[in-house]
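One structure is given here, and the rest of the page talks about it.
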Amino acid sequence: MPYVNVKVTGGSEAPTTEQKQQIIEGVTELLARVLNKNPATTVVVIDEVDMDNYGLGGKTITEVRKLAK
Amino acid sequence: MPYVNVKVTGGSEAPTTEQKQQIIEGVTELLARVLNKNPATTVVVIDEVDMDNYGLGGKTITEVRKLAK
Amino acid sequence: MPYVNVKVTGGSEAPTTEQKQQIIEGVTELLARVLNKNPATTVVVIDEVDMDNYGLGGKTITEVRKLAK
Amino acid sequence: MPYVNVKVTGGSEAPTTEQKQQIIEGVTELLARVLNKNPATTVVVIDEVDMDNYGLGGKTITEVRKLAK
Amino acid sequence: MPYVNVKVTGGSEAPTTEQKQQIIEGVTELLARVLNKNPATTVVVIDEVDMDNYGLGGKTITEVRKLAK
Amino acid sequence: MPYVNVKVTGGSEAPTTEQKQQIIEGVTELLARVLNKNPATTVVVIDEVDMDNYGLGGKTITEVRKLAK
(Lines give C-alpha, C1' and ligand atoms only; values in the text may rest on other atoms or scores of the structure.)
Protein backbone atom coordinates (compact mmCIF):
# COMPACT_ATOMS: atom_id res chain seq x y z
CA MET A 1 0.00 0.00 0.00
CA PRO A 2 2.73 2.55 -0.72
CA TYR A 3 1.54 5.97 -1.83
CA VAL A 4 3.62 8.04 -4.20
CA ASN A 5 3.03 11.61 -5.32
CA VAL A 6 4.97 13.05 -8.26
CA LYS A 7 4.83 16.77 -8.99
CA VAL A 8 6.11 18.05 -12.35
CA THR A 9 5.46 21.13 -14.46
CA GLY A 10 2.37 21.05 -16.64
CA GLY A 11 1.20 23.20 -19.54
CA SER A 12 3.63 23.10 -22.46
CA GLU A 13 5.90 20.84 -20.39
CA ALA A 14 3.16 18.40 -19.33
CA PRO A 15 3.96 14.69 -19.69
CA THR A 16 2.09 12.80 -22.41
CA THR A 17 -0.37 10.02 -21.57
CA GLU A 18 2.29 7.47 -22.49
CA GLN A 19 4.91 9.15 -20.28
CA LYS A 20 2.47 9.14 -17.38
CA GLN A 21 1.93 5.40 -17.86
CA GLN A 22 5.72 4.91 -17.82
CA ILE A 23 6.11 6.92 -14.60
CA ILE A 24 3.33 5.00 -12.83
CA GLU A 25 4.65 1.65 -14.05
CA GLY A 26 8.26 2.55 -13.25
CA VAL A 27 7.63 3.79 -9.72
CA THR A 28 5.41 0.79 -8.89
CA GLU A 29 8.04 -1.62 -10.24
CA LEU A 30 10.82 0.16 -8.29
CA LEU A 31 8.97 -0.22 -4.97
CA ALA A 32 8.21 -3.87 -5.71
CA ARG A 33 11.83 -4.62 -6.63
CA VAL A 34 13.59 -2.67 -3.85
CA LEU A 35 11.08 -3.00 -1.00
CA ASN A 36 9.03 -6.03 -2.07
CA LYS A 37 5.85 -3.91 -1.96
CA ASN A 38 2.65 -5.32 -3.46
CA PRO A 39 2.01 -3.57 -6.82
CA ALA A 40 -1.73 -4.30 -6.58
CA THR A 41 -2.25 -1.73 -3.80
CA THR A 42 0.48 0.77 -4.76
CA VAL A 43 -1.12 4.15 -5.47
CA VAL A 44 0.64 6.80 -7.60
CA VAL A 45 -0.67 10.33 -8.17
CA ILE A 46 0.94 12.66 -10.71
CA ASP A 47 0.30 16.39 -10.29
CA GLU A 48 0.92 18.66 -13.26
CA VAL A 49 1.64 22.08 -11.80
CA ASP A 50 1.16 25.27 -13.82
CA MET A 51 4.52 26.95 -14.50
CA ASP A 52 3.26 30.12 -12.78
CA ASN A 53 2.58 28.08 -9.63
CA TYR A 54 5.92 26.24 -9.50
CA GLY A 55 8.87 28.01 -7.94
CA LEU A 56 12.58 27.27 -7.96
CA GLY A 57 15.27 29.62 -6.73
CA GLY A 58 12.66 32.17 -5.66
CA LYS A 59 11.22 32.54 -9.16
CA THR A 60 8.31 30.92 -10.98
CA ILE A 61 9.30 28.39 -13.65
CA THR A 62 7.69 30.76 -16.15
CA GLU A 63 10.33 33.35 -15.22
CA VAL A 64 13.10 30.74 -15.05
CA ARG A 65 12.31 29.59 -18.60
CA LYS A 66 12.30 33.19 -19.93
CA LEU A 67 15.69 33.90 -18.37
CA ALA A 68 17.08 30.68 -19.86
CA LYS A 69 16.22 31.70 -23.42
CA MET B 1 -6.84 22.74 13.34
CA PRO B 2 -6.72 19.31 11.73
CA TYR B 3 -5.91 19.26 8.04
CA VAL B 4 -7.34 16.56 5.80
CA ASN B 5 -6.57 15.91 2.14
CA VAL B 6 -8.76 13.57 0.12
CA LYS B 7 -7.66 12.44 -3.34
CA VAL B 8 -10.18 10.75 -5.64
CA THR B 9 -10.50 10.31 -9.39
CA GLY B 10 -11.98 13.22 -11.31
CA GLY B 11 -13.34 13.55 -14.85
CA SER B 12 -16.30 11.25 -15.45
CA GLU B 13 -15.88 9.90 -11.89
CA ALA B 14 -15.68 13.32 -10.21
CA PRO B 15 -17.81 13.81 -7.11
CA THR B 16 -20.79 16.16 -7.46
CA THR B 17 -20.98 19.42 -5.51
CA GLU B 18 -23.36 17.76 -3.06
CA GLN B 19 -21.05 14.76 -2.58
CA LYS B 20 -18.15 17.11 -1.88
CA GLN B 21 -20.22 18.85 0.80
CA GLN B 22 -20.99 15.46 2.34
CA ILE B 23 -17.30 14.46 2.37
CA ILE B 24 -16.23 17.75 3.98
CA GLU B 25 -19.05 17.62 6.53
CA GLY B 26 -18.48 13.92 7.27
CA VAL B 27 -14.72 14.15 7.78
CA THR B 28 -15.06 17.25 9.98
CA GLU B 29 -17.76 15.58 12.09
CA LEU B 30 -15.65 12.39 12.41
CA LEU B 31 -12.66 14.31 13.79
CA ALA B 32 -14.89 16.23 16.20
CA ARG B 33 -16.57 13.06 17.45
CA VAL B 34 -13.52 10.78 17.74
CA LEU B 35 -10.80 13.29 18.64
CA ASN B 36 -12.82 16.22 19.98
CA LYS B 37 -11.27 18.52 17.35
CA ASN B 38 -12.72 21.97 16.81
CA PRO B 39 -14.75 21.96 13.56
CA ALA B 40 -14.30 25.73 13.14
CA THR B 41 -10.61 25.40 12.22
CA THR B 42 -10.71 21.97 10.54
CA VAL B 43 -9.52 22.33 6.95
CA VAL B 44 -10.42 19.75 4.27
CA VAL B 45 -9.08 19.80 0.69
CA ILE B 46 -10.47 17.45 -1.98
CA ASP B 47 -8.27 16.82 -5.02
CA GLU B 48 -9.91 15.43 -8.13
CA VAL B 49 -7.16 13.63 -10.01
CA ASP B 50 -7.37 12.98 -13.76
CA MET B 51 -7.69 9.25 -14.45
CA ASP B 52 -4.54 9.39 -16.61
CA ASN B 53 -2.64 10.76 -13.59
CA TYR B 54 -3.87 8.24 -11.01
CA GLY B 55 -2.15 4.88 -10.84
CA LEU B 56 -3.07 1.64 -9.12
CA GLY B 57 -1.32 -1.67 -9.65
CA GLY B 58 1.19 -0.06 -12.00
CA LYS B 59 -1.47 1.12 -14.44
CA THR B 60 -3.36 4.38 -14.87
CA ILE B 61 -7.01 4.28 -13.80
CA THR B 62 -7.85 4.97 -17.46
CA GLU B 63 -6.26 1.62 -18.34
CA VAL B 64 -7.74 -0.12 -15.29
CA ARG B 65 -11.26 0.97 -16.31
CA LYS B 66 -10.73 -0.24 -19.92
CA LEU B 67 -9.55 -3.65 -18.73
CA ALA B 68 -12.57 -3.91 -16.41
CA LYS B 69 -15.06 -3.47 -19.23
CA MET C 1 -8.12 3.78 -4.62
CA PRO C 2 -8.81 7.02 -2.75
CA TYR C 3 -5.94 8.38 -0.72
CA VAL C 4 -6.61 10.33 2.46
CA ASN C 5 -4.10 12.15 4.65
CA VAL C 6 -5.10 13.36 8.11
CA LYS C 7 -2.82 15.70 10.05
CA VAL C 8 -3.45 16.26 13.76
CA THR C 9 -1.33 17.35 16.69
CA GLY C 10 0.79 14.66 18.35
CA GLY C 11 2.66 14.50 21.64
CA SER C 12 0.33 14.92 24.61
CA GLU C 13 -2.56 15.39 22.17
CA ALA C 14 -1.78 12.34 20.05
CA PRO C 15 -4.68 10.04 19.22
CA THR C 16 -4.69 6.62 20.88
CA THR C 17 -4.36 3.41 18.86
CA GLU C 18 -8.10 2.89 19.16
CA GLN C 19 -8.86 6.44 17.98
CA LYS C 20 -6.60 5.94 14.97
CA GLN C 21 -8.51 2.77 14.10
CA GLN C 22 -11.78 4.72 14.35
CA ILE C 23 -10.47 7.50 12.08
CA ILE C 24 -9.24 5.04 9.44
CA GLU C 25 -12.46 3.01 9.60
CA GLY C 26 -14.65 6.12 9.60
CA VAL C 27 -12.98 7.83 6.63
CA THR C 28 -12.96 4.63 4.59
CA GLU C 29 -16.65 4.01 5.35
CA LEU C 30 -17.51 7.64 4.46
CA LEU C 31 -15.89 7.38 1.02
CA ALA C 32 -17.61 4.05 0.38
CA ARG C 33 -21.00 5.41 1.41
CA VAL C 34 -20.88 8.82 -0.30
CA LEU C 35 -18.77 8.03 -3.37
CA ASN C 36 -19.12 4.25 -3.64
CA LYS C 37 -15.34 3.86 -3.42
CA ASN C 38 -13.85 0.41 -2.89
CA PRO C 39 -12.71 0.12 0.76
CA ALA C 40 -10.16 -2.59 -0.16
CA THR C 41 -7.87 -0.12 -1.94
CA THR C 42 -8.62 3.00 0.13
CA VAL C 43 -5.39 4.23 1.75
CA VAL C 44 -5.43 6.47 4.84
CA VAL C 45 -2.31 8.01 6.42
CA ILE C 46 -2.47 9.80 9.79
CA ASP C 47 0.36 12.23 10.58
CA GLU C 48 0.87 13.22 14.21
CA VAL C 49 2.56 16.61 14.11
CA ASP C 50 4.64 17.93 17.01
CA MET C 51 2.95 20.94 18.61
CA ASP C 52 6.05 23.05 17.94
CA ASN C 53 5.73 22.24 14.23
CA TYR C 54 2.01 22.99 13.87
CA GLY C 55 0.97 26.58 13.38
CA LEU C 56 -2.40 28.29 13.61
CA GLY C 57 -2.94 32.03 13.58
CA GLY C 58 0.78 32.64 13.12
CA LYS C 59 1.71 30.85 16.35
CA THR C 60 2.80 27.30 17.14
CA ILE C 61 0.17 25.17 18.89
CA THR C 62 2.59 25.04 21.84
CA GLU C 63 2.20 28.83 22.16
CA VAL C 64 -1.56 28.68 21.47
CA ARG C 65 -2.05 26.17 24.29
CA LYS C 66 -0.01 28.30 26.73
CA LEU C 67 -2.05 31.41 25.93
CA ALA C 68 -5.28 29.43 26.43
CA LYS C 69 -4.39 28.45 29.98
CA MET D 1 16.37 21.73 -0.84
CA PRO D 2 13.36 22.76 1.23
CA TYR D 3 10.00 21.95 -0.30
CA VAL D 4 7.01 24.19 0.38
CA ASN D 5 3.41 23.62 -0.64
CA VAL D 6 0.88 26.44 -0.35
CA LYS D 7 -2.83 25.73 -0.77
CA VAL D 8 -5.24 28.64 -1.28
CA THR D 9 -8.66 29.03 -2.83
CA GLY D 10 -8.78 29.45 -6.60
CA GLY D 11 -11.49 30.56 -8.99
CA SER D 12 -12.64 34.10 -8.29
CA GLU D 13 -10.23 34.20 -5.32
CA ALA D 14 -7.22 32.91 -7.24
CA PRO D 15 -3.96 34.81 -6.78
CA THR D 16 -2.71 36.79 -9.75
CA THR D 17 0.54 35.92 -11.53
CA GLU D 18 2.27 38.76 -9.69
CA GLN D 19 0.94 37.59 -6.31
CA LYS D 20 2.19 34.08 -7.02
CA GLN D 21 5.65 35.48 -7.79
CA GLN D 22 5.55 37.36 -4.47
CA ILE D 23 4.56 34.22 -2.54
CA ILE D 24 7.33 32.14 -4.13
CA GLU D 25 9.92 34.88 -3.62
CA GLY D 26 8.77 35.59 -0.06
CA VAL D 27 8.75 31.98 1.12
CA THR D 28 12.15 31.28 -0.44
CA GLU D 29 13.62 34.41 1.15
CA LEU D 30 12.12 33.51 4.55
CA LEU D 31 13.75 30.06 4.54
CA ALA D 32 17.08 31.55 3.47
CA ARG D 33 16.95 34.23 6.18
CA VAL D 34 15.69 32.12 9.11
CA LEU D 35 17.23 28.73 8.30
CA ASN D 36 20.06 29.66 5.93
CA LYS D 37 18.58 27.39 3.25
CA ASN D 38 19.94 27.59 -0.29
CA PRO D 39 17.41 29.46 -2.47
CA ALA D 40 18.72 27.76 -5.63
CA THR D 41 17.22 24.39 -4.68
CA THR D 42 14.16 25.61 -2.75
CA VAL D 43 11.02 24.32 -4.44
CA VAL D 44 7.62 26.00 -3.91
CA VAL D 45 4.32 24.67 -5.29
CA ILE D 46 1.11 26.72 -5.08
CA ASP D 47 -2.18 24.82 -5.37
CA GLU D 48 -5.30 26.80 -6.25
CA VAL D 49 -8.19 24.78 -4.86
CA ASP D 50 -11.72 25.13 -6.21
CA MET D 51 -14.01 26.69 -3.60
CA ASP D 52 -16.30 23.63 -3.80
CA ASN D 53 -13.33 21.43 -2.88
CA TYR D 54 -12.05 23.48 0.07
CA GLY D 55 -13.70 22.97 3.41
CA LEU D 56 -13.59 24.96 6.64
CA GLY D 57 -15.84 24.41 9.63
CA GLY D 58 -17.52 21.47 7.91
CA LYS D 59 -18.71 23.56 4.94
CA THR D 60 -17.28 24.23 1.50
CA ILE D 61 -15.84 27.72 1.01
CA THR D 62 -18.58 28.23 -1.59
CA GLU D 63 -21.14 27.82 1.22
CA VAL D 64 -19.07 29.85 3.68
CA ARG D 65 -18.92 32.80 1.24
CA LYS D 66 -22.70 32.65 0.65
CA LEU D 67 -23.41 32.70 4.38
CA ALA D 68 -21.06 35.66 4.83
CA LYS D 69 -22.95 37.83 2.34
CA MET E 1 12.66 20.51 -10.12
CA PRO E 2 10.29 17.57 -9.79
CA TYR E 3 9.18 16.77 -6.25
CA VAL E 4 8.40 13.20 -5.27
CA ASN E 5 6.96 11.97 -1.98
CA VAL E 6 7.01 8.26 -1.17
CA LYS E 7 5.04 6.94 1.81
CA VAL E 8 5.72 3.41 3.07
CA THR E 9 5.25 1.62 6.38
CA GLY E 10 7.94 2.15 8.99
CA GLY E 11 8.77 0.37 12.23
CA SER E 12 9.63 -3.28 11.67
CA GLU E 13 8.92 -2.78 7.94
CA ALA E 14 11.04 0.35 7.55
CA PRO E 15 13.39 0.46 4.57
CA THR E 16 17.12 0.21 5.31
CA THR E 17 19.48 3.10 4.58
CA GLU E 18 20.64 1.31 1.45
CA GLN E 19 17.06 0.73 0.27
CA LYS E 20 16.27 4.41 0.77
CA GLN E 21 19.30 5.30 -1.37
CA GLN E 22 18.02 2.94 -4.07
CA ILE E 23 14.53 4.48 -3.99
CA ILE E 24 15.89 8.03 -4.24
CA GLU E 25 18.31 7.09 -7.01
CA GLY E 26 15.70 5.04 -8.88
CA VAL E 27 12.97 7.66 -8.83
CA THR E 28 15.37 10.43 -9.87
CA GLU E 29 16.73 8.32 -12.72
CA LEU E 30 13.18 7.41 -13.86
CA LEU E 31 12.16 11.07 -14.13
CA ALA E 32 15.36 11.92 -15.99
CA ARG E 33 14.91 9.05 -18.43
CA VAL E 34 11.17 9.36 -19.12
CA LEU E 35 10.67 13.12 -18.79
CA ASN E 36 14.20 14.45 -19.28
CA LYS E 37 14.06 16.15 -15.85
CA ASN E 38 17.23 17.56 -14.34
CA PRO E 39 18.43 15.20 -11.56
CA ALA E 40 20.31 18.04 -9.83
CA THR E 41 17.10 19.73 -8.65
CA THR E 42 14.91 16.64 -8.25
CA VAL E 43 13.75 16.39 -4.63
CA VAL E 44 12.57 13.09 -3.12
CA VAL E 45 11.12 12.72 0.38
CA ILE E 46 10.47 9.28 1.91
CA ASP E 47 7.98 9.13 4.79
CA GLU E 48 8.05 6.07 7.02
CA VAL E 49 4.57 5.81 8.49
CA ASP E 50 3.88 3.94 11.74
CA MET E 51 1.79 0.82 11.09
CA ASP E 52 -0.87 2.10 13.52
CA ASN E 53 -1.16 5.28 11.40
CA TYR E 54 -1.42 3.61 7.98
CA GLY E 55 -4.79 2.30 6.89
CA LEU E 56 -5.82 -0.02 4.07
CA GLY E 57 -9.27 -1.51 3.65
CA GLY E 58 -10.53 0.40 6.69
CA LYS E 59 -8.03 -1.21 9.05
CA THR E 60 -4.62 -0.17 10.34
CA ILE E 61 -1.70 -2.10 8.87
CA THR E 62 -1.05 -3.37 12.40
CA GLU E 63 -4.45 -5.08 12.27
CA VAL E 64 -3.96 -6.20 8.66
CA ARG E 65 -0.67 -7.91 9.57
CA LYS E 66 -2.25 -9.71 12.57
CA LEU E 67 -5.10 -11.03 10.43
CA ALA E 68 -2.60 -12.26 7.82
CA LYS E 69 -0.71 -14.41 10.29
CA MET F 1 -7.88 29.06 5.58
CA PRO F 2 -4.66 28.65 3.62
CA TYR F 3 -2.69 25.51 4.35
CA VAL F 4 1.10 25.53 4.09
CA ASN F 5 3.47 22.59 4.43
CA VAL F 6 7.20 23.20 4.81
CA LYS F 7 9.64 20.29 4.53
CA VAL F 8 13.24 20.74 5.69
CA THR F 9 15.98 18.41 6.87
CA GLY F 10 15.85 17.34 10.50
CA GLY F 11 18.34 15.67 12.80
CA SER F 12 21.50 17.75 13.22
CA GLU F 13 20.04 20.31 10.78
CA ALA F 14 16.65 20.56 12.48
CA PRO F 15 15.30 24.07 13.08
CA THR F 16 15.16 25.25 16.69
CA THR F 17 11.87 25.99 18.44
CA GLU F 18 12.46 29.69 17.88
CA GLN F 19 13.19 29.19 14.18
CA LYS F 20 9.99 27.19 13.80
CA GLN F 21 8.04 30.05 15.41
CA GLN F 22 9.67 32.45 12.94
CA ILE F 23 8.77 30.25 9.95
CA ILE F 24 5.14 29.89 11.06
CA GLU F 25 4.83 33.61 11.82
CA GLY F 26 6.59 34.63 8.60
CA VAL F 27 4.56 32.44 6.27
CA THR F 28 1.27 33.46 7.90
CA GLU F 29 2.22 37.14 7.66
CA LEU F 30 3.26 36.74 4.00
CA LEU F 31 -0.12 35.26 3.03
CA ALA F 32 -1.97 37.99 4.94
CA ARG F 33 0.09 40.74 3.30
CA VAL F 34 0.16 39.46 -0.29
CA LEU F 35 -3.21 37.69 -0.51
CA ASN F 36 -5.15 39.28 2.34
CA LYS F 37 -5.70 35.84 3.91
CA ASN F 38 -7.07 35.60 7.46
CA PRO F 39 -4.18 34.68 9.82
CA ALA F 40 -6.63 33.18 12.35
CA THR F 41 -7.39 30.17 10.15
CA THR F 42 -4.01 29.85 8.37
CA VAL F 43 -2.54 26.43 9.13
CA VAL F 44 1.21 25.75 8.78
CA VAL F 45 2.84 22.33 9.22
CA ILE F 46 6.63 21.93 9.35
CA ASP F 47 8.02 18.46 8.58
CA GLU F 48 11.57 17.68 9.70
CA VAL F 49 12.78 14.95 7.37
CA ASP F 50 15.60 12.60 8.34
CA MET F 51 18.65 13.21 6.14
CA ASP F 52 18.58 9.56 5.02
CA ASN F 53 15.02 10.09 3.77
CA TYR F 54 15.60 13.34 1.87
CA GLY F 55 17.01 13.11 -1.64
CA LEU F 56 18.50 15.71 -3.94
CA GLY F 57 20.30 14.97 -7.18
CA GLY F 58 19.62 11.25 -6.77
CA LYS F 59 21.46 11.02 -3.45
CA THR F 60 20.34 11.18 0.16
CA ILE F 61 21.28 14.40 1.97
CA THR F 62 23.44 12.23 4.25
CA GLU F 63 25.53 11.35 1.18
CA VAL F 64 25.42 14.91 -0.16
CA ARG F 65 26.80 16.26 3.13
CA LYS F 66 29.62 13.68 3.19
CA LEU F 67 30.67 14.56 -0.35
CA ALA F 68 30.67 18.26 0.53
CA LYS F 69 33.17 17.85 3.37
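Observations
Labels for the chains are A, B, C, D, E and F, by order of writing; each one numbers its residues from 1.
Everything that follows uses one rule, which is that a residue touches a chain if its C-beta (ideal position, glycine included) is under 8 Å from a C-beta of that chain, and two chains touch if they have at least 3 such contacts.
None of these values were measured; they are calculated from a predicted model.
The fewest steps needed to get from chain D to chain F, moving only between touching chains, is 1. Where touching is counted per the definition, the chains common to chain A and chain B are C, D.
Distance from chain E peaks, on a Cα-centroid basis, for D.
A repeat of the B-D interface exists among A-C, A-B or D-F; more than half of the contact pairs are identical by residue number at A-B. Distance between Cα centroids is largest for the pairing of chain A with C.
For the pairs C-F and D-E, the count of C-beta pairs in contact is higher at C-F. Our note on geometry: chain A versus chain E, Cα centroid distance of 14 Å, whole angstroms. Centroids built from CA atoms put chain F at 20 Å from chain E. Under the contact definition stated at the top, the residues of chain D that touch 2 or more other chains are 1, 3, 7, 27, 41, 43, 45, 47, 54, 56.
The complete set of chain-chain contacts reads A-B, A-C, A-D, A-E, B-C, B-D, B-F, C-E, C-F, D-E, D-F, E-F. Residues of chain F touching chain B in their complex: 1, 3, 41, 43, 45.
Considering their complex, residues 17, 20-21, 24-25, 27-29, 39-48 of chain E touch chain F. Only residues 1-9, 15, 19, 22-23, 26-27, 30-31, 34-35, 37, 41, 54, 56, 61 of chain B touch chain C when the two sit together in their complex. Partner chain D is touched in their complex by these residues of chain A: 7, 47, 49, 52-60, 62-63.
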